[in-house]
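Before I ask anything, here is the structure I am working with.
Here the chain labels run A, B, C and D in written order, and each chain numbers its own residues starting at 1.
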Amino acid sequence: MISTSTRQAIEDFKAKARPYLLEIEGIRKEFPGVVALDGVEFRLRPGTVHALMGENGAGKSTLMKIIAGVYAPDQGTIKLRGDEVRLKSPKDALEQGIAMIHQELALMAWMTVAENIWIRREPRNALGLIDHKRMMANTRELFDQLKIGIDPSAEVSTLTVAQKQMVEIAKAVSYESSVLIMDEPTSALTESEVSHLFEIIRDLRSRNIGIVYITHKMNELFEIADEFSVFRDGHYVGTHASTDVTRDDIIRMMVGREITNMFPKEEAPIGDVILEVKDLELNGVFSGITFDLRRGEILGVAGLVGSGRSNVAEAIFGVVPATQGTIRINGEETTISSPADAMRAGMALLTEDRKETGCFLPLTILENMQIAALQHGHSQMGYVDESGLRILCDEMKNAMRIKTPNLDERIENLSGGNQQKVLIARWLLTKPQILILDEPTRGIDVGAKAEIHRLISNLAKEGVAVIMISSELPEVLGMSDRILVMHEGHMTGILDRAEADQVKIMELAAR
Amino acid sequence: ETIGVAMSLFDDNYLTVLRHNIERHAKDLGVEVQMEDAQGDIARQQSQIENFVAAGVDGIITMLVDADSGRAMSKIAENAGIPLVFVNMLPANMDTFPEKQAWVGSDEEQAGELQATEICKLAAGKGDAVILMGQLGTTGQRGRTAAVERVLKSDACKDIKVLDQQTANWMRTPALDLMTNWTTSGIKPTIVFANNDEMALGAIQSLKASGVAMDDVIIGGVDATQDALAALEAGDLDVTVYQSAKGQGEGSLDTVLKIARGEKSEQRVAIPFELVTPENVAKYKSSN
Amino acid sequence: MENVQAQPASPTRRKLPQELNILTVLIGVALVFELLGWFVQGQSFLGNPQRLTIMILQVSVVGIIAIGVTQVIITGGIDLSSGSVVAMTAMIAMSFAQTSDFARAIYPGLTDLPAIVPILIGVGLGLIAGIVNGALIALTGIPPFIATLGMMVTARGIAKWYTKGQPISFPSESFASIGSGAWPVAIFLLVAVIFHVALRYTRYGKFTYAIGANAQAARVSGINVQAHLVKVYAIAGMLAGLAGVVTAARAETAQAGMGMMYELDAIAAAVIGGTSLSGGRGRIFGTVIGTVILGLMMSGFTFLRVDAYYQEIVKGLIIVAAVVTDVYRQKARVKKG
Amino acid sequence: MENVQAQPASPTRRKLPQELNILTVLIGVALVFELLGWFVQGQSFLGNPQRLTIMILQVSVVGIIAIGVTQVIITGGIDLSSGSVVAMTAMIAMSFAQTSDFARAIYPGLTDLPAIVPILIGVGLGLIAGIVNGALIALTGIPPFIATLGMMVTARGIAKWYTKGQPISFPSESFASIGSGAWPVAIFLLVAVIFHVALRYTRYGKFTYAIGANAQAARVSGINVQAHLVKVYAIAGMLAGLAGVVTAARAETAQAGMGMMYELDAIAAAVIGGTSLSGGRGRIFGTVIGTVILGLMMSGFTFLRVDAYYQEIVKGLIIVAAVVTDVYRQKARVKKG
């Protein structure tokens, strides 16, 4: 996995990186009801990529937010190039040369790409007014350098999640800071983009920048990180060179137990056709989508970012109904013009954007979980059977190992991965016949990922038909019975489990 | 002794003068007064009167937000057995007053009538008129406008044509804008009936700005505020109507005290409006 | 994942967080008045049962409105039209509540109607105004602020136009009775209980919160967001209509200037009571407390003989102080865990 | 990443999207009045240059306020205090603008001051009110609606208390002159140009939009959100103070009831002009157009001699219709791409 040149680089810099770029000691951070970090230490050398690993809710993002000046620690010290610093705001951190790509996308939706990138650093002309032309030119230059093909004058609200992610990356790079924190930067990217990002990271590393890289993807660790630290439950577990360990070692450090099988796909009896999609088309977005789906089957959907996978899912579920084509459920043609229609037909859709279309942030976990189920039953004459639902939700919480003191906690306060689990639970409570999952394990830790995979597998065994959109090829390959591949709004093929492999999929996806 | 005073509106110029007269008189008599501002809201005024009752005042004076709300106020005071005097605005239930209640004031319609009659005389019974009305739906607006319209129906004045009538909410700037909108729309009045002085002054400002000679238009207001009297002296305003704030203020306090002390008093104490013209303006300069 | 354990939060904290906060604010304000009462007036402020009734009586109309407005705010919207709808419904309801003892303002030929007719007309008109608000917002997608601002101006206009500014007075005894005595208080509390239950324990309530928290997610979760919004605004309009009927009955007259600024008092009551203007959070109980705080101020000022010139200044400061206290207490609670 | 491409928007679309929309609404309304003018009055509505000036003149005070309010709304906030701040600053400024020809309401011993003194006092007081608003919002975290509602009540209270309700009149000639002729229009347009530039071409502007679009993102981008919010509210307050001075100078009197409801007109002007109440979007040019639409209505109604009792109804309908049209045109634009 590790090339010799990388290994060489590690040796080189270990020699010269005596004074650490960043040293953190005894950090404690408490949130209401949760100690997010306790006695945490962390050291970053210049010119290295230092990965942070840990389960969802282990405190990785919290630690990084402390370094980036977003939160103040309750205890502990931060030393930058040997001097103790107090970072009172993100502004302080940025001025000290610490930039961060946040896990939750942090862009200003109604401003242009260029305005987002250069905010607070806009080029000004002799009159002190902002020079938009130069700003555009600077953006173009930056994008050329990073090989990003996004229009700098586009409004951010019109970009896809992946494009937004790239803008964030470009923005962070543009600070030319000496510490660059990336909190799950690849969660919305596909493989080719990830490898592109790695090129950028290697280039930054060669310029002696210290990079903190948070990820749940094990292979990325081996590919890009020089060393890594593991956190568990807000505690520091240890730091190792990424050459010293195996995948299983890391998982054991993170979870405290073995995980034997990442893709516990079990053979399920494939039943009758439950869903038939024919010539589905949404003007200008996708067309000619035709496939059928059987009970107990898992249909993977692969494709590059922006290939239209999410749009197809949303069309089938009635979020943005298709303009043409037919959908048959159990052989009967069904008109689906809203999610309510789709739910009546026994469908469920876990959307891709957790924050925009998933979570009710001000509400509690319980309220978030039960909302879809309320559409069918669980109430009499509108009066909700709260205690019954609470029992069901509690079971869900335990089954999915959602890390929270209790169901009345606000979902806002959960880590991203745990939020995702709550949303999956929401849809499972509706007992769907057809479950559409759009990037179900985005931002989820290995342990939980394996659990979600097991869950999907079990559901299939119970006869639920599953459509699973994923940008992680191993996941698609590991879990699917068949794989539908899309390219620029068209279906380019459906592969059987037996015949599918990484190369074939990429051929169809990228042609 | 403590007297609660529930005023309809603190912002109004005339009512401010009235209020100050009550306060001054109370000071002279050594009576304590508690003023409340209903901000033009009947329900708030009702609550204020209830609060006075709960606070155990010896008597209540109220300037009603609206004449028709008199009955509800009368009931509250009657049930509590507290003397109640209505000042300025004539309550609709005047004829059915219970004991311990009285009205001290002047009749709104009389103001409009005095204004219109004088203007009609000055205009020799003909001309093009506009009416600047107070806030729609208020007793003053209705009473004064109705009186003007009635006078204009009389034989002597029926050649005065009303070109338009609009509201300027008792205020100067809206009146200024309204008048300007009129003149640019080709409405060029020679007579302006304004429901109060503030609006008359707004109209004057607008007409002056558009170069109309003040001798060519006849403008009337109501209230005889200091600003209006100055305008009257300057020859801009032609007529206004004096409503004795002093008479009403002192009269109402005296009456409520009489009732409270069990002395004999009238249930209706009318304090007439008086016409103010350039001839007699000097007399009023020190009155309000 | 076995060691996944968050420190359990104290269980009491869960039940009435915002309300308890604001309840202490209420008690604080009341105690200040009580203390001042003894010092300044030499008598108890709270010890007078008549005053306590009046305190709630005088804000019950605003309270009824505030209960509807709270629901609108929970969906992330706002309703500026309530005060004007009060005027409109008061006028129109009253025109059907007049008796033949006096000249009728409108419909001279009408026979005396039982009180229920004008009441239903008033409530029904409010409902219609609310439906129009809701339909505008849900179907055209214009901001609630503008839709209800439009309704605010229009409804006030209708109130003035209806009798060309003339007030309408002298209703039948039976109609007037629903505004007399403790009736307005009873109606206010009944409405409060009904919607407390509706928000906490019914689907209607759950959907209301969900839409306010994240309208897009609500749609994806199968909620018919548009239809639900129409319902919520309709209820707010209906309650404004009810408030109009109660005010008219209480004052025994209806006039076009009624209910001016009530929308702001109602919104203030809701927000003082912990309802978040960004949607998704708020409770009826909090709104009731917020309403009582407003009433307390009105009574307290008169009781303490606060100069009317200062009253508004003090009122403004108290509203701000109440909300600031609330915000800080919530922060403190969060800190303590 | 080569395939990461946003559909490039057509370049023209970027420049004046909302403003063009609302400009057509403006033209539409104007044409309706023009047509009705010929039919009903037999004369041109727009063909009268004097009317066109007056149309803007009478809304220039609201316009000045609306420019400040627009900026507040862009940050995702709201300012309800402007109307009351107008009254407060008008009163206090006027008390320093009186001459010794008449009895002074306050400060009897004062010598005549040059006009700049009362102007600066008025503007300065507005600024202070704005800073208080901003500080309350930024430091305590209470909702802007409540902070400015508190200021609305308090400032109105101060205006009344200042002279115990007495109006203050007869300013010096030089003070009155800034309210006469086309001065208010000139001030309005100058302010509009300044803040158009500030919003589009300075960091102040970028920060304002950024905070409204995503306050969290603005913070992590290194913007001091709290300090910036104080600035924005301070500017809004300052402009309200300026508006107060202009109104007082124009009316040559100051009264505690001045500026009532101006805040709503200002907000309406901003929203009609395309400013989004959820923050992050809006332009000064749009607000200017929105203001002119309000002025057009006022002039138009008088011109057409619309019955006073109908005017409000029609005004409400037009506000809603304008915004609905705007929303639909924007949707259509998005559809077309």
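We take it that a residue touches a chain if its C-beta (ideal position, glycine included) is under 8 Å from a C-beta of that chain, and two chains touch if they have at least 3 such contacts.
A quick map from chain label to UniProt name: A = Ribose/galactose/methyl galactoside import ATP-binding protein; C, D = ABC transporter permease.
Bear in mind that the values here come from a model prediction, so they are computed numbers and not experimental data.
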Report the inter-chain centroid distance for subunit A and subunit C (ABC transporter permease) in whole angstrom, where each centroid is the mean of the CA atoms. 43
CA centroid of subunit B to CA centroid of subunit C (ABC transporter permease), Å: 34
From the C-alpha centre of subunit A to that of subunit B, how far is it in Å? 71
Where in subunit D (ABC transporter permease) do residues touch at least two different other chains? 160, 164-165, 309
Going through subunit A residue by residue, note those that touch at least 2 other chains and give them in order. none
Which residues does subunit B have that touch at least 2 chains other than itself? 10, 37, 136
Taking touching chains as linked, do they make an open path (line), a single closed cycle (ring), a hub with spokes (star), an all-linked set (complete), or other? other
Pairwise touch list, complete, is A-C, A-D, B-C, B-D, C-D
Where on subunit D (ABC transporter permease) does subunit A make contact in their complex? 1-9, 11, 14, 197, 200-203, 205-207, 209-210, 212-214, 216-224, 280-281, 337
In their complex, what parts of subunit B are in touch with subunit C (ABC transporter permease)? 4, 7, 10, 32, 34-37, 39-44, 46-48, 50-55, 65-69, 71-72, 92, 135-138, 141-142
In the complex, the residues of subunit C (ABC transporter permease) that touch subunit D (ABC transporter permease) are 80, 136, 140-143, 145-147, 149-158, 160-161, 164-165, 264, 267-268, 271-272, 276-278, 309-317, 319-320, 323-324, 327-328, 331
Partner subunit D (ABC transporter permease), residues of subunit B touching it in the complex: 10-13, 16, 19-20, 37, 133, 136, 164-167, 171-173, 176-178, 180-182, 184-186, 198, 201-202, 205, 209, 225-227, 230
Could you list, by residue number, the parts of subunit C (ABC transporter permease) that touch subunit B in their complex? 48, 50-51, 54, 57-58, 61, 159-160, 165-170, 247, 250-253, 255-261, 298-299, 302-303, 305, 307-309, 311-312
